[in-house]
Every structure is written in structure tokens, then in C-alpha cells.
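I have placed the structure first, in the form of C-alpha cells, so that the comments after it can refer back to it.
Chain nomenclature is as follows: A, B, C and D, assigned in order of appearance, with residue numbering initiated at 1 for each chain independently.
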Amino acid sequence: MTIATLLVSCPDRTGIVAAMSDFVFRHGGNIVDLDQHADADTGQFCMRLSFDARGFRLDRDGIRAALAVLAKSYDMSWELAWSDERPRVAVFCTKAPHCLYDLLLADKLGELAGDIVLVVSNHRELEPVAAHFAVPFVHIPTDDKARAEAAQAELLERERIGLVVLARYMQILSPAFVRPRLGRIINIHHSFLPAFVGAKPYHQAKARGVKLIGATAHYVTEELDQGPIIEQAVTRVSHRDSVEDMIRKGRELERQTLTRAVRLHLERRVLITDNRTVVFA
Amino acid sequence: MTIATLLVSCPDRTGIVAAMSDFVFRHGGNIVDLDQHADADTGQFCMRLSFDARGFRLDRDGIRAALAVLAKSYDMSWELAWSDERPRVAVFCTKAPHCLYDLLLADKLGELAGDIVLVVSNHRELEPVAAHFAVPFVHIPTDDKARAEAAQAELLERERIGLVVLARYMQILSPAFVRPRLGRIINIHHSFLPAFVGAKPYHQAKARGVKLIGATAHYVTEELDQGPIIEQAVTRVSHRDSVEDMIRKGRELERQTLTRAVRLHLERRVLITDNRTVVFA
Amino acid sequence: MTIATLLVSCPDRTGIVAAMSDFVFRHGGNIVDLDQHADADTGQFCMRLSFDARGFRLDRDGIRAALAVLAKSYDMSWELAWSDERPRVAVFCTKAPHCLYDLLLADKLGELAGDIVLVVSNHRELEPVAAHFAVPFVHIPTDDKARAEAAQAELLERERIGLVVLARYMQILSPAFVRPRLGRIINIHHSFLPAFVGAKPYHQAKARGVKLIGATAHYVTEELDQGPIIEQAVTRVSHRDSVEDMIRKGRELERQTLTRAVRLHLERRVLITDNRTVVFA
Amino acid sequence: MTIATLLVSCPDRTGIVAAMSDFVFRHGGNIVDLDQHADADTGQFCMRLSFDARGFRLDRDGIRAALAVLAKSYDMSWELAWSDERPRVAVFCTKAPHCLYDLLLADKLGELAGDIVLVVSNHRELEPVAAHFAVPFVHIPTDDKARAEAAQAELLERERIGLVVLARYMQILSPAFVRPRLGRIINIHHSFLPAFVGAKPYHQAKARGVKLIGATAHYVTEELDQGPIIEQAVTRVSHRDSVEDMIRKGRELERQTLTRAVRLHLERRVLITDNRTVVFA
């Protein structure tokens, strides 16, 4: 069964849902999931619509052409994805293994609507982890940052990577690298953003004496830790927790938050609008 | 602005969303919220659709007639509610005040899409609470249970009550009372059902040594504590918590879980199907 | 049964627990609860020790004298409280009723180890709430802030108030008012501090697109929203939640977080050290 | 630094803490952590006491002899553990890899106060996982259950295993195997016990329509799913979650709950009393 998933946003007006569902129905599709939201504050309409495309009376190009016409009349941004065209994912990491294991295991267990095809690191420590899961590992040192980013960009291009996941990748990407990939790089920050932006958030949390620590998965933008948030989670800490305990508890948060965000993205449940996300969960 | 909210369930087939959204659109309505679910296991389609009915080109009777026709062709169960026809709610209680306060305060703060117009109790302890919130209080003793239920039924009828909330009402209602009110009586049970059915769940929880205690809001059916679950919550306990501590922590759970369930019901977000609920939250 | 509770902090060294427990034992007390923490990072020792003082062979003055001697030899800060000397609590509020109801109901249900004896407000809206719970209400307008604080200070003095609770009291207290009451004023801030310091945190949260909102109960210090945190909680939000929905969800968080913090304080479970708290929970 | 940790339970009476802390102090130890609880309902006293044993003026045998004397006068059950005598752990599994990965990674990251030295399975699927973490893997088929348990028992004996972890091991152990290992076998059950005892708990949860699913780590006793609970966790589900979704969400719960329970056990934070646990966390 092939499912087409359409993400749409546009200024709200009457008849959009009717027009879109009628389009699907008229050509022989069946809607399997429709989630829609019209924001009273911003006047924006957002929708996620999945339909079973067996027996659809338009081919994929035909659908795109028809959608382009519809989109024009509603001033619509849209993305269309097919369940049999699985995104290819690259995971960037450094030395911390927990997020990498979690993502690779999720992939192996069939939990992701995409395929991790590449692990990239500026160190060699995690090469055996990639090997264990039979995923190619590429070592790109970051001593010369410009050269590293050029190599990374070339690799992503060659491997037709649709999503980059920063799994505790301890390097800051340049605006030049980020800009053409907006909405296609997910990072895990080890705090409950916007609290504790920047370096050593667990040390900051300990110093401030908070009673909960958190993790935040977000799209990377040119401004550090300021991109649209996809998913957040927290866990309780107390005075008994040293910074090391927080780091340990944080690992659990980081990996589950990151893997959830990647899952949501790959299932096309995340729509970016105005530096925020709409998550159709 | 008057909003119409339609809850629909039927066997899944192609074209339902298109038919319904087209119906709204053709008569001049604008969909403000649509949430839909087709269950792969049961083959059942469920939908909640809200539309702005200003300028709708059918009156309420006309809409009902038109929906009845649509419903027939899709073998559909449906309910239609109008935001300006607010349900009238009766709260049944005994002596414990916490859930009653929570509901009355939520009402006073405008958090509910309905109006609490009646407090019914088999004791007089909570009469001042009702008075404080200017809600009529009716004392119906339950020494003679049959007589009590007759008086309650008559009262609900006379006051055109659409929802009965059992806010720690320590009486078991007879099947004869419950049967004609299926889906219109909400109870709070002070455990995480199906764990600890029946009496003294906190004592049971203490004896079993669980690490979390819970509360469950559910529709009342003829079988005790077996009705469709609307909402559940849990909180952490430890060996330090005596039964009394659990009762105190439980109060917080009970009232927030019950008030949430009542809010969801009144906003027409709950659809019962097959002794379970679909909650469009 | 009279319980004495001792809170102690000092530089860590060997023998403190032995010295303290021996002191209790030698004079005929029985330890009912002892919780102790030696912080590896700061080298500080903190302890909460409760003992049953029936049959203790020193009177209260004698105990204080003996503790003063012990304290000197260990360079100890300490506080001693008796379960039969219940702190007198004043609640400051403005117009929002939810935290006030929660505190007054907790008091009425016997959940607090102190007594709310006073409600102070710069408006009259909540006077009926205080009256309903039979707690004196004092209206102190804040047009002239200096005069208001003088009146408040005089009132707290006269009523021998041991704890001030700011239950969504929308006024900033002056350093002159705060300084002599450090550790004796608890505020509820409607965000997960340190995120969203200052005004309108729910609007800030909506703008940033966070997936969880929070509340923080903390002691008031001279710097706004920077005092030692006692308790925090969060709840999930999504794009569907308008600022108004966040405010409603926030009410639930605010009141439960504030009431918990007040309960912990009154049970002498909170020790302030270095602008952080140790909570023996 | 060598830490000794003492777990003690006995009937409550005056002077126990004083006697124990004095014992530590007199011989030159320093208490680094003391957590104590006297249960008002059962009259039982429980304590966990850790002390730095450098420079202690008794050797380990001497300490044991002295403790035996103390224990006699207080009718005390006790266990003493040394941080440099790390328990040896065996993980039993079948085919599901998620709990095994989590435990092995926690071990590798130094998060456990014990060493996983053995993976035992009735299938060969997870042999590469053990190999990847360089832990010996032993395949013991369970076609002949009595023979299998004899082989397992012999292996545990030979390898001096102090803790057996059932990491989604789909076999029921016989009373004869369990009885001599009470308090030394931890299982993960994939529901919030006591809800959904027995097989296929996620199917049961789906059928009942609960809004939260859970996982429970408990010591194994002769009665299935009835042993003392160490740790529990829950996560939210909705009508959108199929049984497969619940299984996926459940994996996250199972592994984190199991790993936490194992960590708590290995840090000697769990005391069993009366088919319940006291967890000094």
C-alpha cells in the first residue's frame, strides 16, 4: 500500500479542506488521515493529509501538476511525500554513543520511515558502532572547518541525503552550510530551551538549582540554539544529583527526544511556520 | 461566532471526508477544526468536525435533515452540537470537597463549554461550597436508594441536565438509572484502572507497593469501574508515603483528571465506540 | 506526639551524624526521620533530622542551648522547629483566584503544617473567597507603593507571620521589604525558570514555540525571578494551544506547584544554601 | 575511595540511628549518605547507610563480626556491600534487543555499580549484540525446560553471578529456580502492574482503551508478576496508537525502567520488606 502525505500551509479561508479532500476523492484516493489546524492568532491554515494512492487516476507528475494549480489559487506552500520514497538519513556524531545507538536501533527495528545510510564523525571512536549496524562510516576531521564542511556537503550531495541528524555532534555548523538545508538538519540540545542556551547546560542547571532538567530537539538555523523546536522532554533532579548524575539522566532524555523528533520528521508530521513547528502527532 | 461541532462514526470507506467537508463548504460554512481517524484494526471511521456557521444557508433543522440523509448513505452515527446551546451539568458529591471546588472554579473561570447548574448530595456538608459559587444545592438522602434515584431522575429531567458528574459520589448507581444515561455520566475512580477496581484503591496500592498511583475518569456503565475511559493520570509515590499521603496526592490527581474529562466531554471531543473512547484532543 | 525538626548545614567532616544522633539518643528522643546529604562538589553537609520529643530530658530552651554548643564546634547553621508551634501564613494575591483557593482548601483539609491566618490583596475581588474559608482579609491598595509596603510590614509583624506566599500577586516587592524576609517569602512564577523571566511568560512561550510550559515556586530575593527554586513542574502544549489555553493549563501547574512548595517549606523540608535549595522530600 | 553500604531493617525502637552512626564514627569511618525510614503503619525501621571506609580501624571480617553483635541486640536484618566488590550480572534474553542494548551500553558508559559478564539466551539472534560489547554469550535452548534450568543454574554458580536480569526473556522460571534466588532476579513486565498481568499486556491495554501504558521492573518470586516492584513508568497513548505503536512506545519504557531498576539494585538502594521494596533513591 502506497501512502501519499501532503503538508500544506496557507492563509486561512473557507473551502480549503473541501477542495483538498474533493481533489483526493475525485481521483480515486482514500484519505487515511487528516489533521488540520487554523490558527486563530496568526490566521494561518496548516494541514497534513495522507491518502491511499492505489488506483489513483493520476500519476505522480500528474498529481504534482494538479496540486500546483490548487496551490496557486489558495496561495499555498506544500510538500508531497510518498511512503515508498524513503528519505536517506545521515547521522553526525563525535564521541558520545548514546544517541547514535538509539537511532540505529530504531532504524533496525523498523521504527523509522526513512533509512540511516551514513554515519559521519570527526573522530573514529564510534566507527565500530556504525559497523555493528552495517552502516557506512565516514571520518571527516574538523581541524580545518571550511574544508570539513566542503567534504560533508559533497558527501551529502553524492549520497542524496534528505535529513542530517546531529547526534551530540559537538561542532557548530556555519551559516553557509546551514542555509541551504533549513528544515533538514535536526539537532539535540541538552537543555530545556530557551533555558541554558550554549555550552555546558548541565553545569548551568546545577548552578541555578533547577528541579527538572530537559532536552530539546530542534531544526538547526543560522542562530545557535534558536531554531524551531520539534520535541522536548524533562526529568526530575534533586540536590543529590551531581553534574555527572545529570549528564547520565540527560542521556536518557537526549536520545529519546532526538529519536522521537527524527521519527516525527520522517513521518512528515512536522511543518515549519514562522520559526515554530506544527507537529501533527 | 457560533460553532457547530459534528461527531461522526461509521464503517470506513472512501469519500467520507470529501462528502462531509463539501457539505459544509457548499452551504457557506468554514471548517475551523477537523480531526479524523480511520482505525486500521476495527475498520471504523471517526471524525470531529467544527465549522463556523455564520452565514450558513441552512437553518438548524435544515442541517439536521440534510445530515440525516448523508448519514444514511454512509451508515453513520452522528451527533451535532452548537456552541450557543451549552449543556447543563449536575455535580453529584458526598463529603469530599476537592473535586467539587475544582469543577465550580473551572466553571466560574469560563474554562468549561457548559454550565454547572446543580449540585446534588446525600449529605449537607458541601452545601456552603455550592452556595459560595451561587449554584443551587439539592439534598437527596440515599437511605432509601430506590426513592433517592427516583428523586434524582425527576430532578435531572426537570432541570434538563445533559451531563451528570460524579465528583467522589460514594454511591453506586443502579443499572436502571445508568442505562438511559449511557455516555452522560462521568465518574472519577481513584486508581489507574484496570488496576485496583472497587473499594479503597489507595490501601490496595500501598499493600501492593506500586511506585505510581493514578486516577481514571470514565463514563459510567452498568458494570462497576468498567466503562469507557476518558482520561487518566498518575503521580509518583514511595515507601515514605503512608496511605494518608497517597490520599492527599490522589486528591490532586482526581480533581485534575475529572475536570479535564468534563472539559473534553463538554467540548464534544469524546466519541464512544465499542466501550472505548476516541478523544480528539 | 510532638516532633522536633532540625535543619542543619555546615562544612562536611567526620562524625556529624554520630554527634547529632547521639545527642538525640542520650537525652531520650527517638529519631523518626533522618535525611542527610554531603555534597561532593561543594563539600557541604546538609541534614534534616526529626525526633519524637516526648520524654526528652531537656526543655526547649535547654535544647537550644545544647545545640548552640554543638553548632559551634561544627561551624553549623541550624534551625529547630516544633510540630506544635505551627507557622502563621499570609497569602498575598491580586485578582486571580486559583492559587488562593488551592492553598485555602489544602489548609482546610489539614494538608499543611501551618495555618493560613491572613489574606492580603491590593484589590477586593477575592475578599469573598477569604470569607468563605473564614480567613481575615485585608485590603491594602498599592497606588502608593512605599505606604503599601509599610502597612504590609506592620501587619505581618502584628500578626506574627512566619511565611508570606505570593499567590499570583502581581506586584514587585522592594529590596527593603524582601531583605529582612529572605527565605520567608515564596512566589510562583508562571514559567519554567530560568526560561521566560519577567512579564507575560506564556506569550513568550507561544512565540518561541516550546512544547512544554512550566511553573516555578521559589523564594523571593532582591533580584526578580532569581531566588532559590523550591519546586517546578511542566505540562505539554502543542500548536493547538492558544495563549489562552496555555494560561488555563498554566493555572493547574501554578497552583499545584505553589501549594507543594508551601507544604514542603512548612514541613521544614527546605534548606537554602548558596541560592539553591536542598529539598528533603 | 572505598565505600561500604549497609542496608538494615528491624522493628523500630529508639537509638538505632545513634548506635549505627556511632559505630561508624568510633572506628574512624565517615558517613557519606544516610537515608532512613521508620514506617508508622508497620512499625518497621529501614536504613541505608554509606560510609567512607578508608582508615577504618576494623578489617572487613572485623566489621562483619561487630555488625553481627549489633544486629542481634536490635533484631536486625542487614546486608553489607563494598564498592570495590562489584556484583557480577547475567542478562537473560530471547530475541528482542532493546533492553539488552540499553543495559550493555549503560555498563559500557560506566553507569552501573556492577559488571555484566554474561548474556544467556534460548536463541542465537542476540549473539552479535553481546559480541559487539565483548560480553560472553551462552546459548541454552529451552526445549527441555528442566535441563535448561539445570544448565543455567550451573552456569550462574560457576560464574559467581550475583544478579540475573530478565531482559524480555520470554520464559517462565520454575519455583525451584527462583526460590534460592529471591531478591536476585529482576524482570521487566510490559504493563503497569497490577494492571494487565500475564500475556500480551499491550493487546489487553488496547482492548480496555487505557490512556496510559506502563512498564514495571520487579523482583521475580514464585508467583508470576507478583514480586516486589522496584520501578514503574508510564507514557501516554491515544486511539491513534495501534497495538504496534504501543509496542514501540513500550520499548522505550521497558528499557529505561529495567535499566533504572538494575542501577538502583546494584547501588544497594533497594531493600525488600514484606513483598514490597523500600527504594532509597
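Definition applied: a contact is a pair of C-beta atoms (placed from the backbone, for glycine too) under 8 Å apart; a residue touches a chain by one contact, two chains touch by 3 or more.
Here the structure is a predicted model, which means the values were calculated and not measured.
Engineer: Can you tell me the least number of steps between chain B and chain C, where a step is a move to a chain it touches?
Structural biologist: 1
Engineer: Go through B-D and C-D and name the pair with more C-beta contacts between its chains.
Structural biologist: More contacting C-beta pairs are found at B-D.
Engineer: Roughly how many whole angstrom separate the Cα centroids of chain B and chain D?
Structural biologist: 41
Engineer: Using the average of all C-alpha atoms in each chain as its centre, how far is it in Å between chain C and chain D?
Structural biologist: The mean C-alpha positions of chain C and chain D differ by 36 Å.
Engineer: Two-or-more-chain contact residues of chain D, please, as numbers and ranges.
Structural biologist: 37
Engineer: Note which residues of chain C are touching chain A in the complex, please.
Structural biologist: Residues 37, 39-41, 46, 192-196, 206, 208-212, 214, 228-234, 238-240, 242-243, 275-279, 281.
Engineer: Where on chain D does chain A make contact in their complex?
Structural biologist: Touch residues, chain D against chain A: 97-98, 101, 105, 108-109, 111, 128, 132, 248, 251-252, 256.
Engineer: Spell out the residues on chain A that touch chain B in their complex, using ranges where they run on.
Structural biologist: 13-19, 21-22, 24-26, 28-38
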